[in-house]
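Take a look at the structures below.
Heads up, the next two complexes both have chain A, just with different partners, chain B and then chain C.
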Partner chain A sequence: MNAMTTGSDAFLARYDGLGGRLPGRDGYVAGLRARAAEAFRVAGLPHRRLEAWRYTDLSAVAQAGFTEALTLVEEAPALPPARAPHRAVFVDGRFAANLSRMPEGFRAVSLAGALDAAEGVLGSAPEQGLALVALNTMLFEDGLWLDLPEGTDGGTMELLSVATHTDRPIAFHPRHIIRLGRGSTLTLIETATGPNGAAYLHNPVYEIAVAEGATLSHVRLQREGRKAFQLSTVLASVQAGGTYDNFTLNAGGRLVRNEIHTALLGPKAACHMNGAQLAADGQHADTTTFLDHAAPDCASRQTYKTVLAGKSRGVFQGKILVRQAAQRTDGYQMNQALLLSEEAEIDAKPQLEIYADDVKCSHGATVGALDESQLFYLRSRGIPAEEARAMLVQAFLTEAVEGVTDPLAQDALAEAVEGWWEKEAA
Partner chain B sequence: MLKIEGLKAEIEGKEILKGIDLEVPMGEVHAIMGPNGSGKSTLSYVLSGREGYEITGGSVTFDGVDLLAMEPEERASAGVFLAFQYPVELPGVGNANFLRTALNAQRRARGESELDAMQFLKMARARLKELQMSDEMLKRNVNVGFSGGEKKRNEVLQMALLAPKLAILDETDSGLDIDALKIVSDGVNALRGPGFSSLVITHYQRLLNHIVPDRVHVLMGGRIVRSGGKELALELEAEGYGTIAA
Partner chain C sequence: MPAVAETIETVQSVTESGYKWGFETDIEMEFAPKGLNEDIVRFISAKKNEPAWLLEWRLKAFALWQKMEEPDWAAVSYPKIDYQDAYYYAAPKTKAGPKSLDEVDPELLKTYAKLGIPLKEQAILAGVEGAGETPAEAFPAGGRMPVAVDAVFDSVSVATTFKKTLEAQGIIFCSISEAVQTHPELVREYLGSVVPQADNYFAALNSAVFTDGSFVYIPKGVRCPMELSTYFRINAKSTGQFERTLIIADAGSQVSYLEGCTAPMRDENQLHAAVVELVAMDDATIKYSTVQNWYPGDENGVGGIYNFVTKRGACRGARSKISWTQVETGSAITWKYPSCILQGDDSVGEFYSVAITNNRQQADTGTKMFHIGRNTRSTIVSKGISAGRGQNTYRGLVKISPKATGARNFTQCDSLLIGDQCGAHTVPYIENRCLSAKVEHEATTSRIAEDQLFYCRQRGLNEEEAVGLIVNGFCREVLKELPMEFAVEAQKLLAISLEGSVG
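Now for the complex of A and B:
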């Protein structure tokens, strides 16, 4: 028996052992979990023989022997300052009502407390068969459920995930459901963080449904502790005239996978997926996107930038599928990597699969080091070498970051990037 | 103030500067003329501290301090400015941010107080006006999408803001039409005074009609082969470098 199946078995054993202690034991959820467990039993944790996992090795996850955070840490964790009037706080994957300020006017609740109402909603996104989604379904304890009725302006709210346990490796698998009714809008700024000394696994799944003419702006700042694993899967669908914007900053963690599946299901739906990955010595950052153009006249834009320092590794995989019905698709994907050290490694795999004939679809990729002549130009003007390097890294990220228009999100992002540079690369 | 003695430098094992002696007193403008490949650009890069050049002999002092021992940014803060022959494009770096960062880095290094955004803007606008340039210049990314002339003007704007003691102009006239040449020259001439020196490196004499030098030196084969007054430039223009070498 190899390490991979050991890892799968360990998760399955948690599921078998936890039995009735997981929420939703009596209803439809138990059925969902059982089917997910079956799927996970067959698939196991993804391994590198799978095409989609060629560059990211989960054997460290398999070997870690995670347990659940069965008791909540009594002391309230230190939280980043609030940026928006409303925030949902999750501690070790569980909703912390006392730390949260939920918005009113639409459903904004802890999923664990509203499972009965979520029948038909939970598990309705496509790709439920992905191994990590199945793992999440099997073991999720809680999550954020937002449901905006038609025409709601949801403003800006925060989703905060904080890990606290340092005594043993814990795993949590939050399940977030975000649904925007026709013409509604929401900006969700998410920060995930935890102690640097703790090896924990954060395996969130997002089921996102954007209805006709609705706009969701989803900003994710991944700043997990340096020994943490974050494996996240976003499953998003967008109806006619709707927009899903996802910006993800990957700056923390030991091994991180940011996997996004977006399906454009109605005419003139749009999607902007941008991101910045910043990895320093010992970190592995993976962004993998699947964009499904299933309807005509849709537009998608993707810009991903990766900065690698020390002995770090970055991965970008981006597939665009243009179905036969998706005439007049306008698709663009760019991924660029900046290598600050000779030991850093980037693997990039863009993929276009096009079945429609009237399509504008392009992709590009670049890999390079900091430009010595640019560096000298800045220094010749009196700017010290470190400051000059930081300026050039910021400039490199600019294009990906420009997609973030919400001022609160911009501030949070700028801080995160600055903080990364000061701590990790300087 | 700038004193170069027996300066030798090589790049990738090839000796380019073969013993340069040159002195530029405070307040003077000296021209260095020479054919392609004579070492003009190498001299400007060695003086400003670009990596990749190995100094194999001689010395350079600036205000009595060993210039070659300083980092490029330290030379800048000490008052040395290089106007690039090919100004570098910096996509994603706004010109205003670049100029303010540079100015404040130099002020910090000299123990002066930094300028806030408003103070800087006021100062930048004043310089732009003097140089007859548009405020638009500040809003664009550094040199990105600039024409050749605009890039050189941006060099002059930087020089005007940073107010160096020694400006090295590396073929600043190349690729300029006559209007741009005039703007660039006016920019340099405006800085002339007892506290400003300049080393004007050029292939052609025409720039020296606008920036009239106190001295002219001819650089050939990595050495200064002749020095003289401003009339030397005219002589070179009429007779070419061949006669000088002979």
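Now for the complex of A and C:
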């Protein structure tokens, strides 16, 4: 109980100490930060007595004693090869202009440098009261701000987050704002990496607004270092006829929480949320989704697959809320877990909360091991055991991975999954 | 104009609540003073002439309860309960407990007759013609059996039928108060062994103030020759009913147990906080069926029973089996999670549930399956129906421990919505720590399909009948698990519960 208090205290002390050194100290941002700090002071770091956190324990985060990366690294970190023509690179949570290649034709900037213009935009997504969002608001230093005007084709762009410090545990809380005007489109492929030996905390918050008829395809590949913590929160809203697609791969980190809140606010809005979680020895991977059907005739599809090797733990919590106005909602959610080891644990909590009667909503969940008869079938055809296992795991992931249609994203994803299998599970 | 009379009749039948069990019996009662404190606990214990260990057990529960907080995680809302504003003991005045049915107050016999539960050792449960004064042995094996009934009226058991017939086979079926006197060793060994005093807020309250309930012991290898049943009736005003039921099925035995309940229509809310504990030893089977028909309150949500119940069964022995079947149509609020602890290897847990909420009823119900032993299996089938402004939640847990190799669970939760003012919610929890376990969960939510309705109406059914038919079909998987006498009753109840929900 004390650990919890100390955990929030440590972050609050950073806020009190840094005060004026955080960007936006003179304007409206200072007010936002102060309110967030107050909310965080009251709520504290989430703990397991909260229903939304019953399976994920943050006491390791509370005890780590993170500080900020006050100095910028001189040396450019090793970056994965560029896949798209444009990329925004963040090193320890700060925009690295020299490593980035920003698109033109719409606003694509570092948030820290454009705070004045972001008044009314920053902090406008709902759920600002979530403890981790408040923590982010209180301490964010930078982030990516994309704003696509009506009818823009934003193409494909990469967002890269790289952690570098290895000498002490650092924390960074980037705040990304992605807004798509009417009828605009964008594919954003995001990769988060860091050194395997460093215990750092990456706590990003995404404020995403998709206007009428716009389409955002958001692919997130989480490949943080093995001692890292990543706690991410996506706050998305979709207007009439718009689409938000989110695919998240959780493959790295020691303790990872991928929390997505999507609100479908206009008729015929759509949302696809898919994901794969791959956890090996000592890893904890948590995906928590909340889908708010607030308008009629919307559709949502969710498919999440979890593969657990070694002594690992996987968590899936997914809630679909259908409000009374959301007649003719079509909602579907599937989450499946595959256990590869005796020591793995999976906790799943799919949830439906429905207040409209003309709806079609369903969810399914399965948990199990690799099918012995399928393994036998492959082996009897001369395929070595390891290869057979890999094939079956690949097949298991297919349904979730299929949702990713961008070829660049597909490549990145395939590489990440193979990399995980070779290093961790095989 | 004959049409007028018909119209009046129709209007009456629509506006009249379908709750036919809402009458009150005028009978001389004895109450404990209002309120709840240690003295009340002592009063109840003294009233029942209990041994010292049981009083201590109650007092410990009371002390624990005082330190606990009322749970608020269920998806139900109700004004704060004033636990001091109720009577915790209310019993019909009698001389030292009835020895035989002839001594039971005729007023009580009439009450049960009116409820369709004749306390004579002749008839079968409601809806089925009595078979005359036929001894149980005359019924062919596998044929329709009579039902032995323990009748609980407010705080006490007023009669238990067929005791002699059952005793001949060594079966103990009596009120728990009687069991405390006649079989203290059994009660002491098993009471609280499945639901400990501090298990939850309402279980702790029950442990402190439980007044009566049924006790069943089936000896080794005995297959109980008839259905056992308890009929609970809340009658007095401002009372709560706190019954405690304990069923022990020794190795190789089998028993099927039914439970029914009703209460008068009142505009106050009454609390029913029961605890049911089941223990199944090696190869034993317990089938526990409930048709819960407490007064649900009126269409505006005034009155009705708060049904806050803890039911749990322990499959202690290998190859044992506990099966819960419930049809929940009554109560203003239902908070109930009949569960199975599957300790014995190859043991089986089942949960079949139909829950209906109409008007302003709220139900938060489901089950917990704890897989501990190897090759344990569980099946959960839950059908929720929401109409009017009802809110219906399925909440369940399937937990598989690392040693439960080969464990298997299948869960299916379907919800049906009738009308756009109601809600249907599903909250399943799956926690698996075993590689070789297999867990499957499926849930769907939809409304009655237009084409199904059209099909029925086209064949001359009116809308209400059509809905009744479709709902019965929707619930079939669960209803077929009920003993036949109950199944008939349950189907009628479904129709009544949904009255006025269409059109």
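Note that the second predicted complex is superposed on the first by the 425 of 426 C-alpha atoms of A that agree within 3 Å, B and C clash if a C-alpha of one lies under 4 Å from a C-alpha of the other, contacts with A are read in each partner's own complex, and residues count from 1 in each chain.
By definition in this document, a residue touches a chain if its C-beta (ideal position, glycine included) is under 8 Å from a C-beta of that chain, and two chains touch if they have at least 3 such contacts.
Everything numeric here is computed off the predicted structure, so don't read it as measured data.
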**Q.** chain C versus chain B on the shared chain A, clash or fit after superposition
**A.** fit
Q.
On the A-aligned overlay, A:A385 touches which partner chain: chain B = first, chain C = second, or both, or neither?
A. first
Q.
In this superposition, which partner touches a larger number of chain A residues, chain B or chain C?
A. C
Q: Please state the minimum Cα-Cα separation between chain B and chain C in the superposed model, rounded to the nearest whole Å.
A: 15
(Q) Under the definition above, what is the set of chain B residues touching chain A in their complex? (A) 48-51, 71-73, 75-77, 81-82, 84, 87-88, 90-93, 98, 101-103, 105-106, 109, 158, 162
Q: Mind listing the chain A positions that touch chain C in their complex?
A: 51, 324, 327, 337, 339-342, 344-369
Q: Name, in rising order, each residue of chain C that touches chain A in their complex.
A: 73, 75, 402, 415, 417-433, 435-447
Q) Which residues of chain A touch chain B in the complex? A) 371-374, 376-385, 387-388, 391-392, 394-399
